[in-house]
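There are two complexes below, and they share chain A, which is joined by chain B in the first and by chain C in the second.
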Partner chain A sequence: MTFFIEVLVGGLLAGVMYSLVALGFVLIYKASGVFNFAQGAMVFLAALTFVSLLEMNWNFWLALLVTLVVMVGVGVLTERIVLRPLVNQPPITLFMATIGLTFVLEGLSQMVWGSQPHGLELGIADVPMEWLSQKWNINISKFDLFAAAVSGLLVAALALFFQKTRIGRALRAVADDHQAALAVGISLQHIWAIVWAVAGFVALVAGMMWGVRNGVQYALTFTALKALPVLILGGFESVPGAIIGGLIIGASEKLAEVYLGPYVGGGIESWFAYVIALLFLLVRPQGLFGEKIIDRV
Partner chain B sequence: MLYREAGQFRSTYAEDMQIFPIRQDRIALMLLLAVGFVVVPMVATQYWFSALLIPFLIFSLATLGLNILTGYAGQISLGTAAFMAVGAFMAYNAQLRIPGIPILASFAIGGLCAAAVGIVFGLPSLRIKGFYLAVATLACQFLVLWTINRVPWLTNHSASGVIAAQKIEILGYTFDTPASKYLLTLSIVALMALAAKNLMRSETGRAFMAVRDMDVAAEVIGIPMMKTKLLAFAISSFYCGVAGALYAYCYLGTVEPEAFVLDISFRVLFMVIIGGVGSILGSFLGAGFITLVPIFLNLGTTFISDRFDIEISHALVSNMELITFGGLIIFFLIVEPNGLARLWQIAKEKLRLWPFPH
Partner chain C sequence: MKRTTLALACIALAAAGYTGTAAAQAKEQFVPANFYWVGPYAPGGSGIAGGMIDYFKMINNKDGGINGVKFTWEKCETEYNNGKGVECYERSKKHPPTGATLIHPLSTGITYSLIEKGTADKIPIVSIGYGRTSAADGRVFPYVFPLITTYWSQATAMIKFIASKEGGTAKLKGKKIVLVYHDSAYGKEPHAVLKKEAERYGFELTLLAVPHPGNEQQSQWLQIRQIKPNWVILWGWGVMNPTAIKAAAKIGFPRDHMIGVWWSGAEEDVIPAGSAAKGYIAAGFNVSGQNFPVIQDIKKYVYAKNEGEMEDKSRIGSIYYNRGVVFGIVTAEAVRKAQEHFGKGKSMTGEQVQWGLEHLNISAAELKKLGATGFMQPLKTSCYDHEGGGQVKFQQWDGTKWKVITDWITADKALVRPMIEEDAAKYAKEKGITPRDCPKGG
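The block that comes next holds the complex of A and B.
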């Protein structure tokens, strides 16, 4: 039983990491209807910039700030160069453009910072917590809890930002109805730039967490692929969906790997999340919290 | 300028509905095929065949397959590479386990198996569409590669999962030189492209397009949704499967499952987008373009490093390739979202009037 709980909690905490990446997708999809495939590349770019600055002996906060500036810059430039000329194109075109953007970002970040893997250290050890393992014999990493706390904070901050600030309200208005938002004087272009900048910030947080766990390397870009099942499970338009979807995927993936994996030869983590999401979609095509799809002819 | 179709009257329905209604188009196609079958094998070098022409043709076929699904039937798929993998590995198994089977039959078996897998993974398309569907087809990508890696029967118990494609032999003639492999690929691709062109003017093709344009409306006017969507997945996967088999037999020779990673799916999707969504010609243009870009980029960097005596590292070249690739895609989407096929059409329309545009 303790083993089950350990696996379950480990999975839930891993799910939090997925949610972090999925959040970035949701933000952009909500505000602009763009399915931003480049989120993984943004995570990679943020982590790589941050870790490279740290390795040049920069101050932690200064490095954080500069990376944030870089991510905001990337966001604003993306809006200006890629999205603005593509206004009014079908969603698939925008999706393809973000795949193109993925390549550009991957190439650029490796060209500037080199492609060798880095280790990232935030001062929180990735070791099991002692009192938990002594008292209940459950091994849960301190860092996992830290990551969960950070993402909790992030979600709270985002919720506050969306609910209480003027920009947040404008964001929600744009997400609700582009034309109506334009009609009441909200500048779409500003809002999109802001959304991409916020997504860049989320990417930075996700990149730091994933960087500590797996090292900062090219494989970070594949975190995007991990986040996709979370997205379709939770619904593209929902922030809570991203969180809960992440938890479900993380937990079921780990449980399946432990209890089901040995029967089929292991390694099922690569696709299990997708199959869950797929089965789920057969029942609820819009995901857990997605907006109901209504077809009008 | 080049030609006008004035004076070509169609007096029967058969004439009106033929695949290439304009005489000059027919002549141009014949010329193109003649060049492909006769002139190219005479002038091309070994390198041309194996680095350029064969991959171009194979990817054209895969692009054609995806274009049938995405461009004509409107269903997005990111599982192209998986269908290709199924085609390659099942063709290998057919050749291995069925004694005396002709190689073309095992290609067809590869394609049919891919079609079966395509139908299974097309099932979600009945309920979901758009991005949800795209992500769902990713499941196919991961599941198929995992299965090939895990089920030793599929790779004939080879320890590393690598299979060696058998000899290609048709009617006692062995296709072992690049030129002969090129001719084989070209014949298959030309036939299947013609079939696709024909399919798209048939009832099935029009049903695909109706589903693409608005599926609810299509259903209302009596197009069976399930049959049409699944058929689109099946035909598309069949094309991809044959392309995969050709990729294994005529291009790679020895195949590992990792030859069919997600990147290949994306590459084919780019070919569709850059070539032109919903265009047979566009599939070829897109495949040609994407195949040529890395080669020209390579030539360019070697030229610069020779000329200016700068050492350009391999990593820099591959990063530059990524950036150029991504940049080109964005550029194309912005400038001409309908792809090269549309550019070609515009050029043709302009040229009809040239040099007297008024």
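The block that comes next holds the complex of A and C.
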């Protein structure tokens, strides 16, 4: 039983890490209907810029601030150069544009900062909490709890931003109906630039957490693959959906790997997450928290 | 008349120029640099490419090439992708003056894709420390050279190392060893050998697959926590390595009981894992460090002239860089050997270099001359044996650098060679190949 709890809790905490990446996707999709394939590349760019500045002996907070500025810059430029010329184009065109953006960001990041992996420490050790190990024989990492707390704070901040600020309300208006939002004087370009900048900030947070876990290297771009089943399950437009989806995917893939894996040769967790997501699609195509689409015909 | 003379002079000059170019080309030895400088495996590809090219530059600058024949190369980005690897091969195989001398595919997948092509085109496929292990049987695979030490040899050397730490092979009985492997053909390569070793010595072997890319390993390491193994062997690549080391720390598994394959044993694998990597052990067929005369020569004859490949000079002497230098040494010595047989001072064809690769004899005395004593192991190949070395050193990460902790440990060839021959015979049967007649051990 102890082992089951350990696997379950470990899975939930791993799921929080997936949610961090999924949040970036949700923000952009919610405001612009664009599935941003480049979110993984943004995570990589943010983490690589931050760690490279740290390695140049920059102060932690200054490095964080400058990276944030870089990510906001990337967001604004993306809106200007990639999205604005494609306004009113079909969603598939915008999606293809973000695929192109992925390769540009990956290439630029490596051109500027090199392709070497870097270590990143945030001062919180990724080791089990001793008292929990000794008393209950359960291994929970301090860093996993820290990442969960950061995710919680991020979701709370985003919820406040969406609900309580003028920009947040404008964002929701754009998400609900582009035409209506334009009619009441909300600038679509302005909103898109803001949302891409916020997604850049989320990418920075995700990059820092994943960077501590695996090192900062090109493979950070693969974190996007972990977010996809979370999005399918939680819904592309829901911030709470990203969190709940992450928890379900994290827990179920770990339990499957540990309890089903040995019977089928192991290594099943990466595709098992998609099995769960596809099963959800069959019964709830819009995801757990996605908006139900009703077409009048 | 004057006009005719002038025209004839022009023709003569052009002809002289042409023969001059041909002569200049004839004094070149082309080696394709089909590696990867971008993508998830760029740290390995760029380091090895840098080491090999720098070695060629050093040989050109210091000795004027091999008996006056200078090395040339052309870079082609394979992105560790089979399709692109084959494309690069096709592009480079007819390069003047003699076509590709040999190919280092630097990917087990690309190696597999080139086995038949290289054999048909008579271009040796040299896979140092990777590729198809059974290609060590030169009777079936005349143009494939999994040189120095194969994966199977390495796996047996790992068990020997573990036995030495446990107090002898008899003490392995009842011990638990877990193999955490990249869920790919590469990761599955040691399964058969380790299973045989487990049967032979009575240890309990558990195989745990990690799906690509390996950036999430919590479930595997929770299982390891439950199994409580004595040793963990890590057969990873790229991000899987630091993630595994960190995951080991997370469950409190001692890093000094964790042994990585040589593709899990570079600075790039431990630095991202930070302090968690301290004490971690890895196998290697080359060592790190700058204090070898061969590396000093590269610094003197290449970097002092600002001709070096590595932008980040701190990578000179790293595991991957030095591995590239080993690639360079083996290539250069194969060309030298071929020249001794087919004519000094001439550019060698792939077919001639194949002969050179089959007659390599880099003895301890030769290594000393090359400034590589202790840097790599002596190497003696034959028509029968395309592996040549079969030894492994183990090194431990002390938090800042690799420290060699053993001498060369010889693989269990008595176990490995029959397996190689069995697999090669199966391949020969499938492909309708009649094995060459090569004397055993000669």
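Keep this in mind: the second predicted complex is superposed on the first by the 294 of 297 C-alpha atoms of A that agree within 3 Å, B and C clash if a C-alpha of one lies under 4 Å from a C-alpha of the other, contacts with A are read in each partner's own complex, and residues count from 1 in each chain.
One rule holds for everything that comes next: contacts are C-beta pairs under 8 Å (C-beta built on N, C-alpha and C of every residue); 3 or more make two chains touch, one makes a residue touch a chain.
Since this is a predicted model, take the numbers as computed values, not measurements.
**Student:** With the two structures laid over each other on chain A, which partner does A:G152 touch: chain B (first), chain C (second), both, or neither?
**Tutor:** Neither: A:G152 stays clear of chain B and chain C.
**Student:** Is A:F3 touching anything from chain B or chain C once the two structures are fitted on A? First, second, both or neither.
**Tutor:** In the superposed model, A:F3 contacts chain C only, not chain B.
**Student:** Determine, under the contact definition given at the top, whether A:G267 touches first (chain B), second (chain C), both, or neither.
**Tutor:** both
**Student:** Have a look at where A:G73 lands relative to chain B and chain C in the superposition and call it first, second, both or neither.
**Tutor:** neither
**Student:** Tell me which partner A:A277 touches in the superposition: chain B (first), chain C (second), both or neither.
**Tutor:** Only chain B; A:A277 stays clear of chain C.
**Student:** Could you look at A:Q110 and tell me whether it touches chain B, chain C, both or neither (first, second, both, neither)?
**Tutor:** A:Q110: touches chain B and chain C.
**Student:** Could you list which residues of chain A make contact with chain B in one structure and with chain C in the other?
**Tutor:** 106-107, 110, 114-115, 265, 267-268, 270-271
**Student:** Spell out the part of chain C that touches chain A in their complex, as residue ranges.
**Tutor:** Touch residues, chain C against chain A: 37-40, 42-43, 46, 183, 207-213, 215-216, 218-220, 222-223, 225-226, 238-239, 242-243, 246, 249-252, 268, 271-276, 311-312, 315.
**Student:** So in the complex, which bits of chain B are touching chain A?
**Tutor:** 76, 124, 127-128, 130-132, 134-136, 138-139, 142-143, 145-146, 149-150, 214-217, 220, 262, 266, 269-270, 273, 315-316, 319-323, 325-330, 333-334, 337
**Student:** Along chain A, where are the residues that touch chain C in the complex?
**Tutor:** 3, 6-7, 10-11, 14, 106-107, 110, 114-121, 126-128, 133, 139, 141, 210, 213-219, 222-223, 226, 253-254, 257-258, 261, 265-271
**Student:** If you look only at chain A, which of its residues touch chain B in the complex?
**Tutor:** Of all residues in chain A, those touching chain B are 35, 81-82, 85-86, 89, 91-93, 95-97, 99-108, 110-111, 114-115, 225, 228-229, 231-232, 236, 264-265, 267-268, 270-271, 274-275, 277-278, 281-282, 285-287, 295-297.
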